[in-house]
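Inspection log for the structure reproduced underneath, given as structure tokens.
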Amino acid sequence: MKSKSHAFKQQAADALVNVSLQKALLNAKDGFIVKRKKAMDELPEFERLRTKAIEIKEHTLSHLDQYLEYFEQQVIKSGGTVHWASTTTQAQQIIVELCKQANARTVTKGKSMVGEEAAINDALEAAGFEAIETDLGEYIIQLANEPPSHIIAPAIHKSKQEIADLFKDHHKKYNFNSKLETIPEIVNEAREVLREKFINADVGITGANFLVAETGSTLIVTNEGNGDLTATLPKTHIVISSIEKVVPTLEDTSVLLRLLARSATGQEITSYTTFFNGPKRNSDIDGPENFHVVLLDNGRSNMLQNENHEMLKCIHCGACLNHCPVYSAIGGHAYGWVYPGPMGSVLTPIMQGLDEAKDLPFASTFCGRCEEVCPLSIPLPKLLRQHRNHIHHDKLNTSRSRLGLALWAFVASRPALYRPLSNSFIRALGWLGKKSGRFSWLPFASAWTQSKDLPAPAAQSFMSAWTQQQAKKKSSENE
Amino acid sequence: MNNAREEIFNRIKSKTRQNGQDAASIIERRLSAHQRGPVPVFPEELLERFILKLKNVVGTVKEISDMSELPAAVSEYLSSLNVEQKIVTAVPEIHSLNWPADFEVNNRAAISSDLSSVTMAYAAVAETGTLVLQAAKETPTSLNFLPDNFICVLKQQDIHTSMEDIWDAIRKDDKGMPRVVNFITGPSRTADVEQTIQLGAHGPRYLHVIIIRQAGSD
Amino acid sequence: MRVALFASCLVDLFRPNAGFATVSLLENAGCIVDVPPEQTCCGQPAYNNGDKDNARDIAKQVINEFSDYEYIIVPSSSCAGMMIKHYPQLFEDNAEWYKKATDFSAHCYDLVTFLHDILKITSVPVTYQGNITYHDSCSSLRETRVKDKTRHLLACNEKINLLELGNPEACCGFGGTFCVKYPEISESMVNDKIADIEATGADTVVSGDMGCLLNIAGRLKRLNKPIKVFHIAEVLAGMTGIAAIGDADDTKKSEPSS
């Protein structure tokens, strides 16, 4: 999808006054946090697992080419094929070509954020295929023609009513006409509609949470079982993933899985965790005949040795979104591209350009909760700060904010200037605000005073009062 | 065909510090060491733990002492769900059992109209209450996902402590990695509508595990 | 024990009483307090806006001014975090200054840590009476990590009845220039915080960072809520006799006492 991150400010402001979105966000707010906390409290091994997970990721990334090569060899041994895409366009071309080779009409899809990143659905539709998302959340937003607003709960912004309305419009053509009122009714109708799609699909596309070098396995975790139906029933199974997802061994994978489910949904393990190894074998009586893995780079290899390399450890659990106060206030769409929240504010500027996404790194109070909950301890605030440094360095911020900063810094680094200036400034303000103790409007602080009063400064600064007091003390001692 | 593979590898190689020979032995060592990370410990016995965790995720359990009791256990379970006395299975050990005359047993992979399936677990993980199934001629994957009511037979001695034990067991079999390894923990579920958990999203609505107790245990 | 006070720019300009309260707490525990005159700000506004050069200039100036002191006390977790954690990071590519910055940071303490760990105080002359709730600033949770220490200090005096927030880990939405860059998001965050404060039933909210306090007080006053706002130093030092932050000075007493 085309990035709308440049319009973040407006999108964020709109999100805050979007009543149904705010209701949905409120509803979602504490659920993830409470569930994660409970799961972590029951896991005394958490810190040790985290340390091990970081070791696994760092080791793999420093030998990435070798592990990818090994992975590829194992996939070939199991009868599959690995395709490589430097860019999202290449990934689209490969997948469209594979679907053509399969003589496909209907393509079912399991949830894949890399698939979103590469806008696979758009490419498939443009090439004339019917592409159907099968994860319920993804299906809902596909009907609504919207991008996901959360990396693990893509339709978290939609209310039951909105979903029922969408189904009413879109399921008419399948002769579903009943009015849906309850969540079970909604889930059931989606099940029935999508069942047909699973059965009739010619190609199934899934993502991969991890790629296991040792065995050439690609693995997915789902709660719905849609990924398994997508992978099992059609003649061709295509996996789309990205190069940083490889891990050395099955044991390493187990470590990451323990962290992933708990960080994401607070589950000890996701309902379905499935390892795929190539196409149907001679003795098998079901399974796909063709097995392809498409691996996307899209700028990741360039991150390996630069200051952004920490972001390659991300296992896409979504914990940083769930714990981000900015994300909870505005939801995912405001961020303007496929990855929202703290991890998105780091990734989007890397993948879509700093200028396009220059407002995202500033959409953080640096409260640090994301880093605290991240199962890989990725220093998200530090990475955001690095983006800010570049934005300032490349002069991508507004000249007004640069000038303000420069003036302030000029004064603040010169105490001899700062003292008299600040004293007279607050003397004036303090005098003006003395009566009420606060200002409800100030010309230079309207961004503050639009929603908050500004407590009035003291009539005399601490430093000047202190100096006076000390002088008095001294003179009384001398008397 | 593009030359993306070469480009990607060149970029990675220029960024990572490893040089040929040494690095190759490092990764080979790592790949063959199968070193485990921290594995959570629990106080319960394996069977007890498995059942506890399975029930937490809304799975149901029936223990029997012998394979011959399976038809009755399956029949009873289907009655409790109020569904027809009909299953699909591909496990020879199961369809060759002595099923009641009015009970229909289909011997094949699952199709969409199948309501209930019975299959055999390769193993189970006590830590999380998880069933482990492999794709094979006798245990085709569709049985695990298409029917509404998924009945899985598990031998008590196949319950292991952790996922890591499963990897060791698969290596011991020495038949390579199975085409599909499913770790299944409870029935299908979704929370995509207003964060409310709803069972039976696309896969089974019910998961029933019939455990065949190990001879000599009680 | 001779200690130096870094008042922080917000205490200096907006809440001198919190500065004097800090001095009072330190003097009561037997410290001799110096206030080096050449102090302005710790440099966070520049640092957090990507302006490393100016942040470095300010940091150098602070380090030079305070280099002779064994103990440098800051009544703010965010400034203390800046000085302890981020000053060294600013000079990672300058060996000489990196060393100076790490030496300096080893001597910096936020007020709560210093009272609790170094002075080990066990009684505080609280005069305030009533129900308070405490807002943990993000830097006090994740940089100076004084959540429990703060509770210990508040528990030193039984006059204080502490009512905990329902969601004590949540940011109040200040975030330095964040709150003027994204005023609407900041407002939404502070509204959540205020709802949480009100739900405790406390009549006063206390915190250790002036930024949070100005933000919370500013929104409370805009909404005409009667809840009072004080800096933790003021409460611990028994110096809550003046108008609370953002309230009108109805005591007619403009000269802070010490």
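Note that the chains take the letters A, B and C in the order they are written out, and that residue 1 is the start of every chain.
One rule holds for everything that comes next: a residue touches a chain if its C-beta (ideal position, glycine included) is under 8 Å from a C-beta of that chain, and two chains touch if they have at least 3 such contacts.
All values reported here derive from a predicted model rather than from experimental measurement.
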* Asked: Among line, ring, star, complete and other, which best matches the way these chains touch?
  -> line
* Structure fact -> Max Cα-centre separation from chain C goes to chain B
* Rounded Å distance between chain A and chain B, as computed from the means of their C-alpha atoms -> 30
* Once you find the CA centre of chain B and the CA centre of chain C, what distance in Å lies between them? -> 54
* Asked: Which of the residues in chain C end up touching chain A in this complex?
  -> 7, 9, 11-17, 19-20, 23, 35, 37-41, 43, 45-52, 54-55, 57-58, 61, 65, 138-139, 141-143, 167, 169-171, 173-176, 178-190, 192, 214-215, 217-219, 221-222, 243, 245-249, 254-256, 258
* Tell me, which parts of chain A touch chain C in their complex? -> 9, 12-13, 16, 30, 325-326, 329-330, 362-369, 371-372, 385, 387-393, 397, 401, 405-406, 408-409, 411-413, 415, 418-419, 422, 426, 434-438, 440, 445, 447-448, 450-463, 465-467, 469
* Write out the stretch or stretches of chain A touching chain B in their complex. => 24, 27-28, 31, 43-45, 48-49, 52-53, 56, 59, 61-70, 78, 84-87, 90, 93, 134-137, 140, 153-156, 158-160, 163, 183-184, 186-188, 190-191, 194-195, 198-199, 213-217, 223-226, 228-229, 232-233, 243, 248-252, 254-255, 257-258, 265, 268-281, 283-287, 295, 297, 301-302, 304-305
* Residues of chain B defined as touching chain A within the complex -> 2, 4-5, 7-9, 11-13, 15-18, 23-24, 26-27, 30-31, 33-40, 53, 57, 90, 108-110, 112, 127-128, 130, 135-137, 140-142, 144-146, 162-164, 167, 177-196, 198, 200-204
